[in-house]
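Pasting the structures here.
Shared between the two complexes below is subunit A, which pairs with subunit B and subunit C, respectively.
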Partner chain A sequence: MFFSIDKTKLQSSLIQLNKVIPTRSTLPIISCVLFDIRKDGIELRATDLEITLSIFVNSEIKETGMIAIPIKTLLDITQELDEGDLSFEITDIGKIIINTHYGKYTIMGKQADEFPAIPTIDQANELLLKSDDLTEMIDNTVYAVSKDEMKPALQGVLLQVKENQLITVATDGHRLVRYIKDQAKGQAFEGQVVMPSKFLSLIRNQLSNIKDLALKISENHVQISFDDTTIYSRIIKQRFPDYESVIPQDNDKKLVVNKNELLSSVKRVSIFSNKSTRQISLSITKDSLTISTEDPENITTGKETIACVYEGEPLLIGYNAQYLKEVLAHQKDDDINVKLKTPVSATIFTHKTKKENIVTLLMPIRIND
Partner chain B sequence: MIYSDLILNERNWDNLLTAFRTGRLHHALLFHGPSGTGKSAHAIELAATLNCKDSTSSNPCGLCPSCKKVRSFQHGNVRLVLPFPRKTNLDKNSPSIKALTDADLTSLQEQMKTMGMKPYFKIALNNANTILINSIRDLKNELYLSPPDAGGRIVLILDAEYLCIPNATSANALLKILEEPPEKTYFILVTSRSDLMLETILSRCQKIYFPALPEDAIESFLVDEGESPLDAHLIARLSEGNMHLARNFQGMVPQLYENVKTILNAVFTKQPDLWIKFHKEVSRLKQSGRIEMDYFFRTGIFAFRDLLFLAETGNTENVVFVDNLQKYQSVLEKFPQSNWAECIQLMEDALSFIRANGYLPLVINAMLMDMGKVLKGDEVKRFSLQY
Partner chain C sequence: MDAFYASVEQRDHPEYRGKPVAVGGSKIRGVVAAASYEARKYGIHSAMPSRTAYKKCPHIIFVRPHFDVYTEVSRQIMKIFRDYTDKVEPLSLDEAYLDVTCNKVRFNSASQIAKEIRARIKAETQLTASAGVSYNKFLAKIASDINKPDGLTVIPPEKAIDFLEKLPIEKFYGIGKVTAEKMKSVGIHNGMDLKQWSREDLLLKFGKSGGYYFHAVRGEDNREVSSIRIRKSLGAERTFDTDLKDRESMVIQLGIICRKVWERMEKKQFAGRTLTLKIKYHDFEVNTRSRTFGESVIGYPELLEKSLELLNTPHPPKKPVRLLGVSFSNLEPEKAEESVDQITLNF
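What follows is the complex of A and B.
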């Protein structure tokens, strides 16, 4: 097999592919990039068995074929070479000869049939999305995904299409985010799928220069394609909990507070909170909100008061400062709307516009007497 | 088939195939029985069967891309779990592979490659003394995702008793998914020490027993591998149906005879230099590894077994070390009162004491002196290990 490829194109593709490849594995084949050399160009593919990334590169092909090449060596050599074309020659025994104007390098490849097969997306349903919308969906939900392996369904983001609405939900049991986008009209896909957060984080980094994209959803995989890149991911085959039933509808106490003021206060006060519980308390009255913490173990305290508008009986409620900070940081309004009920019931943060509706639920923690 | 030289346990294999074909294959199987009987190889064959692309045969074809990937452990549907070295600074969310050094990882990859070619090869990593809870966490994360390929997913847990050693954390972490695995997911737990496993694990599995291999099967296997018929016969006898042992004994026949000579000379003569030689040899073997020391004592035990057979039956057919027949005859004439069964017991006791870190010179001296008494027909007081 013979082919030549532009060094810059190859290098940038390899950098992308390297993000998928695990640093250590018992399977030597997945530390390789598969070169699928076709008539019109080369498809480069890498996988960690959960996510498969494929990049198509136009290049000059003399002979077609397939070979798996260890990515580390290839990436190292491309980083040390100047711009220009690299020509590859692959012998029958899988020896790869790279010819450059500096000299000649050889490396042993692996048989392509050992490389994991490309996921089959048969009978897929397509979901057409704007890149910005997908970015929003990811940014507003992924932070709430659980890291607990005991709750596998919560390690992903639920994507649901129903009644012309695109709904994404993530929860870790302590907080929950439901993001609704009103633009699912005419979509081929109707149903739900739980996508791993790793997949969403990977595609999030690639969405900046893209306008429209198609998400294909099949029984076992999701696939997203843009430009010359295709990303496949396995999906989480677990039942996502009934999130609607945990969002309270009867929170009658309303709080409006400046997001930045509250967030910076929480950040400062939480420095003095207990390192394991991260407990802070919010004492809410008609026009003031007092954020305080106390750590008897290390004899530290913190207290700040900010202005707010509150309708309801005075309330003292405790939160994990870390969770509260993350929730506040992801609120879009300058003045956030919070709905509360009792010190032990879930707090709701809402943001609603014509196009989107975000509900964030945060569970309080019981304050020690 | 994946392995052309696997001595197939026809009964178990047919039962497994029938269960698979009729859709009644249990989701958790425990392959148990003595070491070296091909339990892991049968599990790999089953994994290949579940994923083989060739539907014309009931056995795996061994040639399709799927079978090739199973053979090289590169198949996405086949997940291997095995004991790793315990690493104290491995945090909860770290993948288990972080417990391996670069050398361990290379060794594991090499051994996996060998195991794909040799059905009776056993993967053993240095200081691998437990199945890490991180391995179970990795496994769960993997299994709750959709399957990477069509076919059945197989989780192969080798040396499964290490789920419960030194404590049962990993076994307990496995219980839920072992009881209710995702669709088309099959667990195969392979162990030669099911007695060390939790009842809660055992009760969730369908047990499939692999008995010791027949001696003639091992003999012909060794002959096929190029061993001479006489040596193959001796090794087959010594290995007692354990193919791991048989393979380890390959090419060692002269050394085995030398071991017997060292042991018998120390026992039957009271020359101090022969006792010292015996001491030195055991001491050297203990330092080089427990297995080597076991082999040494094993040859001694078999030599005394030869003497017991000859003394009791006079029949030479069952003698393992046939080249020693002449020497055996003279020993039997010299020690007609000897209790050979007691000699075997004394050697086994000595081995247990050494394994339990008994003081080596004391254990060896006591054994040799007691044997001296037994050879004269006297009784000896035996001690047993009490924990």
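What follows is the complex of A and C.
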């Protein structure tokens, strides 16, 4: 079997596909890319068993067939070669010979039938989305997703579709973001689905030059297609927590503070915080906000004061600086609106416009002083 | 808490009350995790082989531990502590240091707070607790052990020195049985005797701990009550019903233990570089073998493989094995356990 493929196209596809492939895998076949050589071109496919990415590359084909090739070697060699066509020869025993004008390289491929099949998506509902909306939904939530494999539901983003609203929610148990986007017309799909954050990040990479999209949702899978690219993902079936119940309604202390001032202060002060707890504290009074930290283990301290507008009893509250930085960085207003209650209950950040409504919760760290 | 596990069992099982109870172990196997006060009269204490306990008191009741219940009670008491101060440093499930210098109830008297906490623990858990009040952790800990069970001891600053001078050496917190014997052999029987020693001599005789003894006997302990504890090691071990005699059964058991360790490591997001294998033989001789790796172990298969290597180097156990344990230490800093004080959303 012979085929040739444009080196640049192959390389950029492999870079995308490599994002799906797990760094450490229990199954050797999934460290390979599947080459499905058809009459009109080649479909390249990678999977981590949860998510499958397929990219179609136009190419001149003489003979059809399938082979799985280890991605690492292939990606490494494409990065060292000049532009132009690469020609591949695959022998009957699965030896792959790559011919270039520099010379000849061979690697062993794997049988294509070992490669996991594409999930079948039947009886799917379609959810029509604008690319910009989807970008916002992803950018505003994915950062808050849990990295804890023991909590599978929290490793995904919840998408709820109601009559005229799209609601996306992500939480790791320490912070929570609820992003609501108003939509003009109803959708064929109503209900909810929890999608892995990795799936959404892969979508995000594709979103730059696209307008409208259709997300296909079936019983167990979701699928989204771009020009030559299709991404499939298993739906997370574990129950997503009842997020509404944890959003407090009675936070009566109101703080308005400049986002960039606070963020840069927190960035500087947190350098001196304890490396494992990342604890910093905010002391909030009527017109000033003091950010401070102390690490008795390494005898470091940091303290800065900035201006703010605050209504309520003075408050001293601790946070994990890492979480606070991420939350602040994702706030959209120059002057952010914060609602607080006690040093041990959720702090709420709000952003509201005609079309969107974002609520971010951040849980504090109990402080000693 | 007084005889914590045993008291919880007696609370939940009225038929055990007033009787010698041992939590953990059985007539033939295992180790006593906790003994009720009735059992202690027979000389039974925690960490004693159950068989010994059975010999000392043939009508002892062996009870299976209910760790979920203990953890729940622990949560209850820690919550009570936090109503008084946020500076709570748990030592175990049932023991904690509290710094009440600044407290939430605006009491001036630490003994008053101790009294109230003990009363609340009794009312809310139907269990008794003992408390010690003093001006540092070392003295508070000793004080708490004095009037057990259900006791409250206060060591005010003006009485501390006198108290420590008269204190028998084995009652000092941090001086175990072995050190106490060693001290007695050089004529140190109480605080007064210890005080005669210079810091240098103590360091020479007792190594690094010498400095601690020197300050402790003078009532000096400036350690803060720290509510942040970083986990330093993690592991699991098993005592077997029948001693393991062949390599195959050891490999099987090691597999089970490694699985457990790996689950815990994943749960705690813990990465360690030093692996230790503990082997206790049928005659109670303990042997530990450890190795430090350049990189942290990344999966269960690798963990098992490395543990098996330790089992075989320098040679597989030559005597029947009673217990096997696997643990990790030398943690990677960026993966330190999350602060216990990070509050979680209450879904």
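Just so it is clear, the second predicted complex is superposed on the first by the 268 of 369 C-alpha atoms of A that agree within 3 Å, B and C clash if a C-alpha of one lies under 4 Å from a C-alpha of the other, contacts with A are read in each partner's own complex, and residues count from 1 in each chain.
Here, a residue touches a chain if its C-beta (ideal position, glycine included) is under 8 Å from a C-beta of that chain, and two chains touch if they have at least 3 such contacts.
Owing to the predicted nature of the structure, the values given are computational and were not obtained by experimental measurement.
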{"item": "Touched partner set for A:245, first subunit B, second subunit C, both or neither", "value": "second"}
{"item": "Touched partner set for A:296, first subunit B, second subunit C, both or neither", "value": "second"}
{"item": "Partner chain in contact with A:221 - subunit B first, subunit C second, else both or neither", "value": "first"}
{"item": "Touched partner set for A:366, first subunit B, second subunit C, both or neither", "value": "second"}
{"item": "First (subunit B), second (subunit C), both or neither touched by A:176", "value": "second"}
{"item": "Partner chain in contact with A:276 - subunit B first, subunit C second, else both or neither", "value": "second"}
{"item": "Contacts of A:149 with subunit B and subunit C, given as first, second, both or neither", "value": "both"}
{"item": "Which of subunit B and subunit C A:330 touches, first, second, both or neither", "value": "neither"}
{"item": "Partner chain(s) touched by A:24 [first = subunit B, second = subunit C, both, neither]", "value": "both"}
{"item": "Common ground on subunit A, meaning residues reached by subunit C in one complex and by subunit B in the other", "value": "24, 149"}
{"item": "Subunit C residues touching subunit A - in the complex, by the definition given at the top", "value": "82, 86-87, 102, 224, 226-228, 230, 266-267, 269, 298-299, 333-334, 336-339, 341-347"}
{"item": "List of subunit A residues in touch with subunit B within their complex", "value": "24-29, 49-50, 113-114, 116-117, 119-120, 147, 149, 152-153, 155, 196, 219-221, 234-238"}
{"item": "Interface residues, subunit B side, partner subunit A - complex", "value": "65, 68-69, 72-74, 76, 80, 93, 95, 97-98, 100, 105, 108-109, 112, 137, 140-142, 144-150, 182-183"}
{"item": "Residue ranges of subunit A in contact with subunit C within the complex", "value": "24, 148-150, 171, 173-174, 176, 241-243, 245-246, 274-277, 279, 296, 318, 320, 344-346, 361, 363-369"}
